[in-house]
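Paired with chain B in one complex and with chain C in the other, chain A is shared by the two complexes that follow.
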Partner chain A sequence: MSDAAATLTQDRQKLEMATLSAPAVIFTVAMIAFPVIYTIWLGFQTFSSTGKQSFAGLANYSKLISDYEFWHGLWITIALYVLSLVLQLVFGVWLALVLFHAKRLPGIVRSLFISPFMMPPVVAGMMWLVILDPSLGAANYILQSFGLPPSDWLASPTWVIPTVALIDSWQWTPYVALIVLGGLQSLPPSVYEAAQIDGASPFKTFQRITLPLLLPTIVTAAILRSVDLLRFFDIIYITTQGGPGNASNTLNIYGFRVGFEFFNIGYASALMLTLTAIVFGAVLAFNRLRGAVAW
Partner chain B sequence: MTDAANTDRWIRWLNTVQLVLAGVLIMAPTVWMVLSSFKPSFEVTAYPPTLIFTPTLDNYVELTKTTPFLSYALNSLIVTVGSTALGLLFGIPAAFAVSWTRISWPAILTLAARMAPGTLFLLPWYVMFRQVGMIGSYTALILSHAVITLPIVIWVLLPSFDGIPRSVFEAAQVDGCSVTRILWRIALPLVASGVAVSAILAFVFSWNYFLFALVLSNGDTKTLIAAAFNFMGEGSTQWGALMAAATLIALPPLVLAALVQRWLVSGLTLGAVKG
Partner chain C sequence: MKVRMLATHVALPVLAIVAVGAQAHAADFDWMKFKGRTVTFLANNNPVAQALLTYKADFEKLTGMTLKVDGYQEQQMRQRLVTVMNANSDEVDVFMTLPSREGEQFAAAGWYGDLTAMAKNEVAKEYDPAGLSQALLKAATFGGKLTSMPMNIEGPIFYYRTDIFKKCGIEAPKTIKDVEAAAEKIKTCDSAVTPFVSRGLKPAVAYTFSNMLHNIGGSYIAGGKSNLCSAKGKEALDTYSRLLRDFGPPGVVNYSFQQISALYRSGRAAMAFESSNELRTVMEGGARLKDTGLLPFPAGEAGQVPTTIGWGMAVSSHSKQPDAAWYFVQWATSPEVQKKMALQGIAPPRPSVAKDPEYRKWIDEEPVRKEWQAALDVLATKGSSEVGYPIIANPESREFIGQAVQDLILKQKPIDQACADADKALDALIAQK
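And then the complex of A and B:
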């Protein structure tokens, strides 16, 4: 083949490759990139009660700084995030170790273990709403039969966030466990054997060998969960809609209500862009951490 | 018996106990939901709660009688199948091109879109779809849900395409096959199982997605998930029907997930972990 013909084939191939990615790229730009730019523009607009639109500069953002509900929502978002993430990582690692040592697990058992996070979060919310009912729910019956005081769960301003964290952790701990299990299974068995020969206790082996080697996997799980947890929506919207009062009004719920219940599109845009910045900030920070703990 | 063997047996026993404990914690709420859906209406709200009862289908009958459950289910099916098909149509060629050229930005672009909060796009979508009179249309719902399915298809398929030896493609190229032909005739049959897993995951996550249909659907096109509020009823008297609805909504994703559970891990982590 001559050089010219080879270049021609290469150019043709490049063109064909571009054609293959084009539908996905055009679709994403049309559905995401363009609307996001539109949102950024909307964030600089105000809409009067008659629907008249005018340029507002940074008014929406300065409103954000002095808006009590924004700071409250940020605090709720972070509290829910930290609580849920810690619960899911701790119990996820525990469950992964249990599953790892169980060795051969029949497929049906595996299916049962993944069932919580395959069901819609909305269904999980409906289900737990019934279980956690303050007067007739099974959860309070169980507490009381152990002689513990009943709780108002989702109906209590104090307990609503821990309760939502508990529901989400029920759903996603098995997911974290499966990721960590994948990490455990890829560790070289030789390190355990060496530790055993040295007479290390199982706890010491875990603390000194398994855990440090697992850290990159755990950080991966943390990233995947962070993306969902920081924009927490479904379970809260179906169970409390941000209540009681504003006790579970996360930023995402607050932004949604500002946009679609109060139709303050300009301010809602500013809120959602801020939340998006927080999500991407967290992902980037964790990505750095993953680089630091890699081996 | 030696001490070591004794310790070994003790550890294994302890592990089994923990496994059972975890299994009970994970399964009990779902089992409770399913049980409640078969309880006679006076027993659903009985306190103390009952475990032994005469099962009945009354709640399911009532659900289909008092709510348009079946038409919501049909809406869910239309939106989910449509968005999964669209995700595959756009995602398969894109994944192949990214895997071949190692130019990864199209894949990263779709993933970044998946990471932003849905409300961020929902605001402009609402404004734009309203302007063209598409609020409540299946088209708007399918397009919005394809934003969920597309990155799933691309990222689940990437490792599958990467796994095909390059020599296979190079041989085909020497024979004068075009890139498009290589994709459909040679590569796609080799990653058929990956396509199946990506389709099922896309289906599950599209079926489960709440936010977009909440705003973009209307009374006629409401999906099951967005209609969840309609099943809540007033007060606690409707618990039986509510749990029947919850059970039926959760059934399709659970059955599909059970089918592919072995391949789920690497798919669900978007390739971050090889399962």
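And then the complex of A and C:
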């Protein structure tokens, strides 16, 4: 076969492959792109209370700047994000170390440790709502049994964010622990042997060897949790609906209410796109960090 | 929009037409006319829909149609409806609606099919549209168009523990001041119980607060402006929030009907102001059956103006088969079905069903049911369907009412600031076209 004929055959094969895979590619791209493009388009529309729609240009975005609820929601989102992420990373690493070193821990106990994140968030929210009810819940009963004062938990504007962060951390710390445990199991044993020979204490070994080597894994866990935490919705919606007052009104809850309770889909789209941009920003920042701590 | 029922209203013109038309067309009516069709019903998974759907097979047998039920919790149902209607989709034929909440909004958006003509031209002999609550039909009529047919009648009522009242030497309250005095007395007489509980959750407050406001003589709007900072408005805000702050359970700002019913049923509340629909839940287990008294909410300076609402069944304006959909609506709101639902504790929006001997027998079985029906009779004759602001953005208006009440319960603002902030936000809503 001449070179020209071979090239022709290769071109034909490429064309056939492209033709055959085109429907799947087009479908996949459309499924991803359509909702995004549609939401962007909605962000430039305004909807009256009666659902009447008109082009609004950048009005929805300029409204964000002067909207107190937006800035308040952003602050609540960031506060909840930072608090939850710190709790989950600290306790996740601790739990992973416990599971890693407790080699003889029965499988059932290990499974119990990691079981909360398998529970649907709505179920977890309902369960904690009952436990934390200031009048009927078990939490205050336990506190009072130890002579401690009862708390309003989710009904207190001061304590609602720490309480929600605790609920989320109860559920997702085991997930972080699983990721970190995977990282621990992949660490090279030779480094630990060298440290042992040099007489390093367990704390020094953790501080100087384990933690630095685990950092890329911890950052990966942080990225995964960041995406979820910045979009935090289900547990808040089940437990407080953004209250008391607007003390737990995150951007996601605020956007949902604007869109589906007050029917202002245009402004809700602008809010959600802004939140998406924040999530992207956080992921990009963590990705850079991951590059910096890679070994 | 204030509605006064039966005693104070003559039948609406639209119903006169319906009634006359019904006589003309009833003879030709054929339940099997749309045999083979499928009607999709977007339902709220509340006790009203649950009771109705017990008889789904009866509808399918009667009409030869298939009923496809798309059921969700209330908020999720609205979310689905918004998506469907904004897409101009014909996926939903019939949906449940609360005219007092979203009626103005949905009507202005053109989401409701106009039932006036169908109710006139396609009515079975036994349907008796004139027998439905005139007030609820009026509340469901926007711009002269009948938009939904009532499924039930409900409103907040006053539950109180007769044994605790007796122990503390308190008479059943006749006025709001009596409620405050009773709460004060119970607080010292029986410290183990919560003296008073009602809704404190922000979006849920308007349902019970509206009754307080109207009893005191306040109004939401005066001269086209929000009126919460009027003397009566402030008195209502102060009384409602003070009752919850000083005599309510800890965490009351997160309380809606689930928490209130659970607290009262467990015996840990002496007075509860909650929906008449919660009777069945409150009486579950039978612990409260013999020690509960029921009343419409005690009078204020303007007497008793209870909140009276009802779920309605609407036909979607995007339905491709509104005629078949109407058959389902008609069956579901017929005297026969409403009587069956009444025997399951769903208060009927038809006075004739409320007087039915079988229903009366069920009512007479327990004193608490008698008091429940007596309270509902007051709701039916004196009720106002104004829950939140009578504007298109009614759902959003409830947020600001709830916010003002929560600000006061949590002592985050003095009353002048709380009502002024609410009025400012609500004036902007009122001004919206």
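Methods note: the second predicted complex is superposed on the first by the 256 of 295 C-alpha atoms of A that agree within 3 Å, B and C clash if a C-alpha of one lies under 4 Å from a C-alpha of the other, contacts with A are read in each partner's own complex, and residues count from 1 in each chain.
The criterion applied here is as follows: contacts are C-beta pairs under 8 Å (C-beta built on N, C-alpha and C of every residue); 3 or more make two chains touch, one makes a residue touch a chain.
For clarity, every value in this text was computed on a predicted model and none was experimentally measured.
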| item | value |
| --- | --- |
| Clash or fit, chain B versus chain C on superposed chain A | clash |
| Partner chain(s) touched by A:48 [first = chain B, second = chain C, both, neither] | second |
| First, second, both or neither for A:243, with chain B first and chain C second | second |
| Which of chain B and chain C A:193 touches, first, second, both or neither | neither |
| Touched partner set for A:38, first chain B, second chain C, both or neither | first |
| Partner chain in contact with A:265 - chain B first, chain C second, else both or neither | both |
| Contacts of A:11 with chain B and chain C, given as first, second, both or neither | neither |
| Residues of chain A touched, compared between chain B and chain C (which is higher) | B |
| First (chain B), second (chain C), both or neither touched by A:128 | first |
| Partner chain in contact with A:182 - chain B first, chain C second, else both or neither | first |
| Segment of chain C that clashes with chain B, given the candidates 8-16, 80-88 or 278-286 | 80-88 |
| Chain A positions touched by chain B in one structure and by chain C in the second | 133, 135-136, 259-260, 265 |
| Touching residues (chain side chain C, partner chain A) in the complex | 75, 78-79, 82, 85-86, 105, 108-111, 194, 201-203, 249-254, 259, 262-263, 266, 268, 392-393, 395-396, 399, 403, 406-407, 410, 412, 432-433 |
| Residue numbers on chain A that touch chain B, as the complex places them | 13, 16-21, 23-25, 27-28, 31-33, 35-36, 38-39, 42, 94-95, 98-99, 101-102, 107-116, 118-123, 126-128, 130-131, 133, 135-136, 138, 141, 170, 174-175, 178-179, 181-183, 186, 202, 217, 220, 224, 227, 230-231, 233-234, 237-238, 252, 255-256, 259-260, 265, 268-269, 272-273, 275-276, 279-280, 283 |
| In the complex with chain C, residue positions of chain A that touch it | 48-52, 133-136, 150, 152-157, 239-246, 257, 259-263, 265 |
| Chain A contact footprint on chain B (complex, rising order) | 11-12, 15-16, 18-19, 22-23, 25-27, 29-30, 32-33, 36, 45, 47-49, 89-91, 93-94, 96-98, 100-101, 106, 109-110, 113, 115-128, 143-144, 146-147, 150, 154, 178-180, 183, 204, 207-208, 210-211, 214-215, 225, 228-229, 231-232, 236, 239, 242-243, 245-246, 249-250, 253-254, 256-258, 261-262, 264-266, 268-270, 272-275 |
